[in-house]
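The following blocks contain the structures, represented as structure tokens.
One chain, subunit A, links the two complexes that follow: it is found with subunit B in the first and with subunit C in the second.
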Partner chain A sequence: MSLALYYFLAITAIYILMSWGLYLPYRVAHLHFLTVANMLISGYLAGFLVQNLGFSFWIALILGFAAGGILGYLISLFIGDAPTFTVVIVGFTFIYVSRTVVENLKAVGGTMGMFGLPTVAGTPSTHRTVLLILLYVLVVVVGFLIYRFEHSRLGRAASAVFVDKDLATSLGVDIKRMGRLVQTFSSLIAGGCGVLYGFIYRSYHLDFFTFHLVGIFMTVIFVGGYATMWGTVIAAPALYGLTLILPTEVASWRIVIYGAILIAVLVLKPEGFITRRLAYRVENALTRKRKRHITDPKGD
Partner chain B sequence: MSKKLMALLAALLLVASFAMAAGEKEAAPAAAGVVVDQWEIPFLNSLTGAIASIGEYLQWGAERAAFEINQAGGIAGKPVKVIGVDTALEPQLGVVEMGKIVNWALVALGPVPEPVIMAAAPIAVENEMMTMTATTSLEYAERFFPWSISWFPATADRLPPLATEWAKMAGVKRVVQFVGVYGPWPGMAAAHVDGLKAAGAAHVGDVEFNVDAVTFGPLVVRALDMKPDGIILACWPDKAAKIVQELKNRGWTDMNKILLFSSADDAALYTTGGAALNGTIIYNYINVDTDRPRWIAFKEAYSRDHNGLQPPSLSTNYYDAVYMIKRAIEETGVTGDPRKLKEERKAIAAYMFNMKNFEGLLFNWDMSNGIPTNKPTYLFEIQDGRKKLVKEIRP
Partner chain C sequence: MQVFIAQVINGLSLGSIYVLLATGFNLLLIVAMIIHFAYPQVVVFSMYIAWVVLRYTNDNVVLAVLAAIGSSILLNLVSAPLFQKIMKNREEVDINTTMVLSLGIGMIITDILSHGFNKGLPIAFPEALAGTRPLLRVGLISILSGQVSSLLVGVVAVSGIFLLLYKTRAGRAFRAIAEDPAGARLVGIPIVRTGLESYALSGILGGLIAVLLAMLLGYTSPGLGELVAHKVLAVSIIAGLGNLVGGLVVGLALGILEALVQGYISGSWSNAIAFVVMLVVMLFRPRGLFGIKL
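Here is the complex of A and B:
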């Protein structure tokens, strides 16, 4: 596999996972930007453990997930049922705070960053293969969990919370518990993504984790479709790939192109390209086909 | 009639053949074995995004060199083209683009700036291709040796003499630094402190801030509260200008007791600071008043293309980098044959790592194991948006 394709696939997987990390809390009307801070904290933690203390990558990865989950849970105790705006402010604040802490920590390179992280397995080529497999296994596992969530009572309860919190409460939905659950899960995913993101580059720099990432993930969600998980799967590779396949002269206009796409989608298709109705229609069609196949495997 | 026509045709053919022969003489002969029709040098640059203005003049410098080289017959007789590849300050674009470049390029310019360098340069290292990170400090570039070279000597070697010289000249005894928390800048601020100590001046404190800072009144009050008689500004150009304005508003009059570091020497400093900067001292690595003919032509061309502005200090880096590549290709007999890509990359990198007496745009220098050994530095006084040389410091 070419290096360009590897990086495209690896970073697309990170975009999908991180966009799901924002999508899930958005199901209960939370814009949970804390996930970018989770990426940063877990990433630097893993880098420090591996490079300075000699931990294996796998242990550092598990601890990265754990750090994300624990931080997400602790903060969700306070903002699990907070209004959207409060959750946004908390997220931004944590990005600032965590960046400032890292800037002042010499042990993780401060403003210079961390260089030369070891490979996760043998040669650089094996390193890439292992990371890519790991990333897409994660995409499948996380995607499966979100799919199950959406088709469960919890998913329907989340939809009720999104429409009207008071109504959802009157129907017996514990909105704080629901908020805690989705926030903790998204922080957990983000923690792992932070570790993997740094090991893709084999380095960490504070500017890997800027507000720019929030912009990318939000664009992916809103262009792809914020009402279903499938929009992200389509939009992440399409938006990232678009900038890479355009000729150089046109590519430098990509911010304008992104902006135009976003405006067009918001005006013409406010729910995004993949709407919930479209997703259900496709799912139903696939289910009918499967049922037909089970009742009449020969197709007679 | 027909005889006359034949004679005319013969005469025309003769003239045409002489003209063609003369034309062939003008083009430099291709060196033996060169197989490319054109040398292509990719430049991983930030042409859009937050530092697009810097990316523009870096690109301009590289393309200016290519233009001059082509005018003079090219590299080993073949024209050269610098291909701008925009990474927009985004590591995620930088890695994919570098992933493409390592498939075919002999050598690359960039990446720019540090976050993209950290993400993309390891790919060049893994593929044993020289990537010329000519805007960053040695502390970043050396991580990728021998597949990169540093444009600057170690921060701890080059900056203390500048701070010492300024402190002695301005007669400062108590100095406060404004430090932008970004990349190598805190390290540069620490090197200033070493220079102050050598001059017998006390460093009474730092005022740190990051890129999001927009108002500087409170920061300036905090700095003045330490009762300094000298100020060093190690931060973004526009913010440095605003700090100088705030200092003046609060009664600061000894303008030559303010020292600005090299990374502040950018158009935004002068457009934001205006006359408030008059009398302040700035250090940098190029002397805009040098009278080398190449530099004068460069300066005029830059000024023509940039509404009369002077070339910023970094504008010459990739200009020189392209000339270094030219010399390396010609001296090592590189052919551009894709089958020899690996060995020719090695030859170019090894040559550049220890290139001697390179004739740069502004001065000549030597490389020793990837580090320039004898580049001068300068102290200038700013007057009406222009820099006036105060002192040249040679290692």
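Here is the complex of A and C:
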């Protein structure tokens, strides 16, 4: 496999997972940018454990997930039912504070970052294969969990919160508990993504975790469609791939391009390309086809 | 004690800029019903325009100030139809979506500044604009022209805004829309025009802030907009969104806190400490100290 294809597949998987990490809290109208701080904290923690203390990658990965989940849960105790703008600014503040802390910590390389992380398994080629398998297993598992969530009572309750918090409360939905649940889960995903993100490049640098990352994930969600999880699956490879096929001089303006696409979609196609109605229609069509196939396997 | 006094003076001038920013931000919030997260990025863009004009007009300060104000008004007015289209699409006020749109605008402005001006490196303002000339020096305390100007203009501009809001007909229209948009429409207040006026007014304020920031800091960089944007939104949240008086108190307090931290702790940690304090307040009072006025 060529390096270009490896990076495309690996980064696309990270974009999908992280955008789902933002999508899930947005189901209760929260833009949970804390996830980028979770990525940074868990990533650097894993890098430190592996490079300085000799931990295995797998243990560091588990600890990375745990660190993300614990931090997410602790913060959600305060902002589980906070207004969206407060959740946004708490996330941004955490990104800023964690960047400053890392910048001043010599143990994790400060502004220079961490380089030369060991491979996950044997040769560089095996390392890449293992990481890709791990990433896409994670995409399938997280996707399945989100799919189950969406088709459960909890998912319907989240939809009610998104539409009208007061109505949801009067219907018996515990808004704070719902907010805590989705925020913790999204932080957990982000923690794992942070570890994997660094091991894809075998290095950690503060430039990996800038506010641009927030913009990219936000563009993926809103362009793909914020009302269904499938929008992210389509938009992540399309948006990341777009910058790869553009000439270098144009691609260096990718944030401007993403910003322009985001604005155009918000104004012209507010629900994004994959709307909830479209997703239901496709799901129904597939279900009907499957049922027909079960009752009449030969298709007669 | 001298360090303390010097830093309080520093803090007051920095705080007055936060107050101005929070006032412009809140004005758009309560009248146009948008969270214009990119408002500080608009201000930083105007700082760059002022720098370009200074460069090409042999340091003509008057032209630079006019260009900064003009560009800020223009950017605000250009973004207005986008926000209004979103409101129309949804047939309701949707503060969250306007915030996302605004974040998109901010992304574009920051990246244009990173690529299009001085190769993304910070720019320094010439002596003609940067207020680094000391007006008074007593021991460790030195009062710079930039500090005095930002404090004076800050006081005048905020007083002007409050006078406009509470003593004029236009101000009553602004407040009426803030209280009840449907009721305001019913009594004949033109909602769209008044909204546009608030964009223009916050644009004027943005241009002024750009000049004051240039005088106070003496430099700017593409990332400054994001940094200031987080602080202004944090000030507004801590104060209570839409609460102009709260913004005044919290803006000044943040300025003084930051300056004091800078005076006693190493520079790279000072912003982080200010952010941690803001974070703690936001976590315990997510709806602000003075109450949301929306």
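Operating definition for what follows: the second predicted complex is superposed on the first by the 287 of 300 C-alpha atoms of A that agree within 3 Å, B and C clash if a C-alpha of one lies under 4 Å from a C-alpha of the other, contacts with A are read in each partner's own complex, and residues count from 1 in each chain.
Here is the rule we go by: a residue touches a chain if its C-beta (ideal position, glycine included) is under 8 Å from a C-beta of that chain, and two chains touch if they have at least 3 such contacts.
Only a predicted model underlies this, so the values are computations on that prediction, with no experimental measurement involved.
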| item | value |
| --- | --- |
| When subunit B and subunit C are modelled together on subunit A, clash or fit | clash |
| Partner chain(s) touched by A:7 [first = subunit B, second = subunit C, both, neither] | first |
| Touching partner for A:103 - first (subunit B), second (subunit C), both, neither | both |
| Touching partner for A:262 - first (subunit B), second (subunit C), both, neither | second |
| Contacts of A:218 with subunit B and subunit C, given as first, second, both or neither | second |
| Contacts of A:93 with subunit B and subunit C, given as first, second, both or neither | second |
| First, second, both or neither for A:247, with subunit B first and subunit C second | neither |
| Which of subunit B and subunit C A:172 touches, first, second, both or neither | neither |
| First (subunit B), second (subunit C), both or neither touched by A:83 | second |
| Residue range of subunit B overlapping subunit C upon superposition on chain A, of 80-88, 98-106, 188-196 or 242-250 | 242-250 |
| Where subunit A meets both subunit C and subunit B, residue numbers | 96, 100, 103, 212, 252, 255 |
| Residue numbers on subunit B that touch subunit A, as the complex places them | 47-49, 83-86, 88-93, 95-100, 102-103, 114-115, 118-119, 122-123, 126-127, 139-140, 143, 181-187, 210, 212 |
| For the subunit A and subunit C complex, residues of the former touching the latter | 29, 31, 75, 78-79, 82-86, 88-90, 92-94, 96-97, 100-101, 103-104, 211-212, 214-215, 218-219, 222, 252-253, 255-256, 258-260, 262-263, 266-267, 270 |
| Footprint of subunit A on subunit C - complex, ascending | 35, 37, 82, 85-86, 89-90, 95-97, 99-101, 103-105, 107-108, 110-112, 115, 226-227, 230, 233-234, 237, 241, 268-269, 271-272, 275-276, 278-279, 282-284, 286-287, 292 |
| Residues of subunit A touching subunit B in the complex | 2-8, 11, 96, 99-100, 103, 110-113, 115-116, 124, 200-203, 205-208, 212, 240, 243-244, 248, 251-252, 254-255 |
